[in-house]
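The data blocks that follow each hold one structure.
Okay, so subunit A shows up in both of these, paired with subunit B first and subunit C after.
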Partner chain A sequence: MTTEQEQRRKVIRSRLLTLAGPFIGLLFVTSLFALSSELRPVFYTGANWKNIFTQTVIVSIGALGMTMIIISGGIDLSVGSVVALTSVVGARLLEHKVSAPVTILATLLTGGLVGLLNGSMIAGFRMMPFVVTLGMMGVTRGAAKWLADNQTVNFDGESMVTRVMEKVSPDTFFPLPSGVWIALLLTLLMSVFMRCTVFGRYVFAIGSNEATARLCGIAVRPYKVLIYSIAGLFFGLAGLMQLSRLSQGDPSVAIGLELDIIAAVVIGGASLNGGSGSVIGAVVGALVMAVLRSGSSQMNWPNYVQEIIIGIVIILAVGLDRFRQSQAAR
Partner chain B sequence: MVNAPRLQVEGMAKRFGATVALKSVSLEVAPGEIHAIIGENGAGKSTLMKILSGACRPDSGSLHLDGVRFDPEDPHAARQAGVAMIYQELILAPHLSVEENILLGEEPARLGWINSRSRREQARAALAQLHYEHLPLGAPVGSLPIAEQQVVEIARALIREPRLLILDEPTSSLTQVDTQRLFAAIRRLRDRGVSVLYISHFLEECQLLCDRFTVLRDGESVGSGAMASTPLAEIIHRMVGRNMEEIYPRSARSPGEVLLELKGLSGRIRPSEASLLLRRGEILGVAGLVGAGRTEMLRATFGLDPVAGGEILVRSSLRTHASPRQRLRDKIGLLSEDRKEEGLLLNRSLADNVTMTRFEPVSRWGFINPRVQKQVTRDWMTRLKVRARSPFQPAAQLSGGNQQKIALGRLLHHEADILLLDEPTRGIDVGSKAEIYRLIHELAGQGKGILFVSSYLPELLGVCDTLAVMCRGVLGPKRPVAEWTEHSIIEAAVGAGTEKA
Partner chain C sequence: MALLLAMETSTRAAAVEPYQIAVIPKGTTHEFWKSIHAGTIKAQRELEAEGIPVRILWKGPLREDDRDQQIQVVENFTARRVSGIMLAPLDSQALVKPVGNAVAARIPVVVFDSGLKSDKHVSYVATDNFKGGQLAGEHMGKILGGKGKVILLRYAVGSASTEEREAGFLDGLKKFPGITLLSADQYAGPTRETAYANSQNLLNRFGREVDGIFAVNENSTIGMTKALRDIGRAGGKVKMIGFDAGSASIKDMKSGDVQGLVVQNPVRMGYLGVKTLVQHLQGKPVEKKIDTGVVLVTPSNMEQQEFHEILYPPISQYLDK
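And then the complex of A and B:
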């Protein structure tokens, strides 16, 4: 029957649109800046893109953890504060001449510990993720300021940690800072992990319908604790990148970062209702925002214009997603 | 007589995605006639009502109202044309008064000021038409009993002086007495020339109230006639579309060893005392009223709800307290009564839904092999006759019957041999029902033990080998199905039989 073929074609089309959506958005914002003849020669240079990629590292790594949380039907608002806290922890350790590998491990574990706390409260007491992590946002921000004596923490000397985000030869695209490679590698790993493993299916199942997940014998609560803890490790890594970029621990850094990260995940096609989302999409979503920021600051547009544009992009992304879903349901 | 019919529906068709809701529906309603729309769940009744009330538009077919073409764009247009719809779920503002509710959106006003006196008169007049003028006009609607709320809803519909009133299952939450009073009110409207479309699956009620009927089956109108001159059996035959013997397969089975035993099981509230023995190759039916504790018994058995007292023995070993995960490991499977809220991951693929509890055969070292998963799912889809495009289609896109087969497919893929089925045929079409009955029969033949909870007595009597009735949390003794009748089941369910004991 022709209607059946039509149906099949419709399904394939909508599936392609889901996969390609964020990429099309990226292409669109990238080509947008080609319209300006004065921007064209500076915007499409290796140096500029190196900048954009480097700026996306922190949001991207945060988005890896956040995507998993949002797919499972949760949310984490404490990311910005966790990034600040872990960067201060790292800086303090380096200040006391602790070796780089130990510092890295301790920073990651700090993030993981906050995640473990979040997850335990959410799963253990069945509290709303929004409220728990909102509280944790205050707690960790305060802890960061306390640990840093309410000022930036400086440390002397070179370290493996500070070199991660260092830009050698700023005029060419290569070599990219190792932070960019780390983010890329983790993105691929995480994407495969969420798509292809049993664990990944369970995360989707919990977000899609918790009651069904329970019916299917999935131990929902331990999984939630695990999800927030793993995400916490990613947030710790993001904090490490932050530390590396500033070469100092700053307790007041990354305020509002969680909203950027959530926006990236949503632009990437995730639903805040849980049960859907894409790791690669989220990272592309982070790039979309970085490209917009970079382009508009080079156009010398004031900050508020950037904010308005990015706001519109988020709403557009969600609107397109709604439209796509209603098309698919038809 | 040259009178045009009040309502004329011709060749109405409507599809939602791949689901055909209406294939071809035609019917006629005369002025001042109460016309019953009869059909099982999924027959297309609600879609037809949505079209008539303007909530959705047909793909093809025509509607005429008193001979004039009627094509409502939205519910407002339908109301303007004189079609009033009263839904099963009342839509009243509970905090507003009776009077305010009746004239909500129709307030007699000048320059935004409500004319209270005229509003009171109109409300009183509407209630008087129904002989309910004694209702307190100032009382908040939420404080009235449900039957009187129903009357307020109808009075509201009368304000626009409708030509056609559509009532969807209006008696589902009413007592016998209230039903009689409601019927009196509806007859009064008929005598004033209002036509009424009355939707119900209580046939006896339709016989009492209605003048004529139309039967819908699988989206088609399969017969109309005068209610009084048509025997019930014929209407049922039209509704179901086949004879009973074709629907319920029967063959002799000899039950084997005991698979599941409950000894005085109690849950937090319900059940209070449930004991039963389920054997290999046995289909044990559990009847009872809604709220008697049947679902709770299955949930406690499966580990979804806590067990407060009593014992559960699985294959003769004591396993009272366990999580769903451990129950699944014991090869017990539960089919939820609520497909949408609990039974299925609606936005996930059929493949994930089928293989969710047992990824082992389709994965290696924690990685899922999509090719194998697809093949395994496709095999189940073929066996269960699931109509779907692809194993990777989201479950939400399937019709109720096909969704239920997928949910059953999960239990089969899990190789569960103790199946706890909670209302497995609720809200699905007759064809799928028959297929599910055949499947249950086949599974019992393979030596699985099946606990079958249902509120639909004919299927319990048709499918089960043995049957027990639950009444207020207490499960009665199980007896061979041949010793039960619909009458004795109902007696046991309302507790009439146990009084003397």
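And then the complex of A and C:
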């Protein structure tokens, strides 16, 4: 057996592990609740999984943008605040009877704009993403409260926007809210985009080694601006979903959401050092947390048990990642 | 396997299936919610003695004050197909849809403590918060002798129960034209810490001129009293009226830092919530709105027997461990 073959085999095995890891985790937490005879008949029902999927939409859509940022070696802590800001922007527009398509567009663009600002500062002034977005977290949260007049923004009447996350027929799995389909479709698109386009490969290259990427002729700075801007659009969409779910704009919503999203991305196999990560993994990671939350809440475990378990899962995921890397390096 | 399953279901059917009642408070750390919990257990024990087994599933939102998290809890219990849900909505608007979904899934909902802009729930079991606020306003007018400058420390936007108290307080003050409002647009926020910090900020500006303060819930009362002590204006120099009887507030009242507490009866609220829901589940008619009572406790009447049980709810009697 030549060493080249061996090497290839190792790479394939590590790839498989990376891809399968989050799914194994999902399978594990899903089957965990089968141990309870009381939960078995109600946990594996269409109605419950419709819930779990709906509860995952916001974190998943946020994770699509975050995965891209983390693969490029960055981080964005402003997501929770951006979700609050965009949900308020959307609610304000609906309050003033602006049509649904315009509202949707403006909400997404608000998210994109914050991303553009983040990206410009990070790329333009070579500032630490952690610090820039930490600052932006405060700026956007404040802006949301300002725009909302420090209270929740309620608007009259139903709109296309409020129906996106609405559940009909509570007893069955189908029909799923359109928000779930949107999240699913975007996940597939992003996955293909990251794997098969030049842009996607550049993101990996920048995250693996920025200096090398630059020497290879990648215009790192413009790409970084673009990465944060596109991610911002996703965060805007997440804000729109939040608006739909609460049927109001709430400037105090989604505090700490960024940590959930980062956790999902990490459980999905991304490394905070950049250069690796998986879009589908991140969404599965989000599902892992939603399943755990749903299950432990229905098991009637106290909240602290839930928080401890999810914390342990995150640490295990990172531990698994280290193990994979050491395997691949050997 | 099928046999096993069949056996399991048949043994279950033999015993009387208990009513599973999910109780969803706004948070879990306040003593107020612990008293509610105690009340639900009290009702459970009574019903069990009557031969009606009930299981209480007590579950607050993972992050207190997070509307989305509370929606998730409602959804999870809906999916679990409990017999009924008791909910203290964090927001009168945001929880309308999840409650609608639960009712559509044939799970009756009793709303307690705080209102919901919906007509789908079976009953609304709560304190008359407006009246509670009025009591505070009138007491404030009386102890200030009809003139002075007061501050209203609000709790949070969108919380119907505290907004009613705030409106009631302002209404109660109307009888005293000599009293002016220094500030009525500041919010204490969800925790004792946020309440403390916001009170400090407020007192930094108005601390020297203020004569009386009304805080609208447990944590804002405790936070504001603490902030008053810090600047040396507690002990009656500034008349402090609070809402709810947490053990810290009662201690503050004994030491003379608090001049009045509007006290609800959370044990009774939890108790009547469960009773009403079970009544509905058994197909009996229930009142659409149930008032659980509110009283004003002052340093002079706090030792009277009738207030004792309200001030010192027998939580340990019902919640062990």
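Some notes on this structure:
By definition in this document, the second predicted complex is superposed on the first by the 319 of 330 C-alpha atoms of A that agree within 3 Å, B and C clash if a C-alpha of one lies under 4 Å from a C-alpha of the other, contacts with A are read in each partner's own complex, and residues count from 1 in each chain.
Rule of thumb we're sticking to: contacts are C-beta pairs under 8 Å (C-beta built on N, C-alpha and C of every residue); 3 or more make two chains touch, one makes a residue touch a chain.
What you are looking at is a predicted structure, and each value in this text was computed from that prediction instead of being measured.
Overlaying the two complexes via subunit A leaves subunit B and subunit C side by side, clear of any clash.
Of the two partner chains placed by the overlay, only subunit B lies in contact with A:A219; subunit C stays clear of it. Of the two partner chains placed around the shared chain by superposition, subunit C is the only one that A:Q248 touches, whereas subunit B remains out of contact. Legend: residue contacts after superposition of the two complexes on their common chain; A:C196 is shown touching subunit B, with no touch to subunit C.
Of the two partner chains placed by the overlay, neither subunit B nor subunit C lies in contact with A:S99. Figure note: vertex subunit A, arms to subunit B and subunit C, all at CA centres after fitting on chain A; angle 130 degrees, rounded to a multiple of 10. When the two complexes are overlaid on their common chain A, residue A:S294 makes contact with subunit C while staying clear of subunit B. Once chain A of one complex is fitted onto chain A of the other, the partner contacts of A:T172 are absent, as it touches neither subunit B nor subunit C. Residue by residue along subunit A, subunit B and subunit C are tallied for touches, and C comes out ahead. In the superposition on chain A, A:S36 makes contact with neither subunit B nor subunit C. Superposition on the common chain A brings subunit B within a closest Cα-Cα distance of 39 Å of subunit C. Common to the subunit B and subunit C contact sets on subunit A is no residue at all. Across the interface of their complex, subunit A is touched by residues 17-18, 304, 323-325, 327-329, 334, 336, 341-348, 352, 356-357, 359, 363, 366-368, 389-390, 393, 396-397, 410 of subunit B. Residue ranges on subunit A touching subunit B, taken from their complex, read 4, 7-8, 11, 196-199, 201, 204-205, 208-209, 211-219, 275-276, 329-330.
Those residues of subunit A that touch subunit C in the shared complex are 37, 39, 42-43, 45, 47-48, 50-51, 54-55, 58, 150-152, 154, 166-167, 170-171, 242, 245-248, 250, 252-256, 293-294, 297-298, 300, 303, 306-307. Residues of subunit C touching subunit A in their complex: 8, 28, 57-60, 62-63, 65-68, 71-73, 75-81, 91, 93-94, 96-97, 101-102, 104-105, 157-158, 187.
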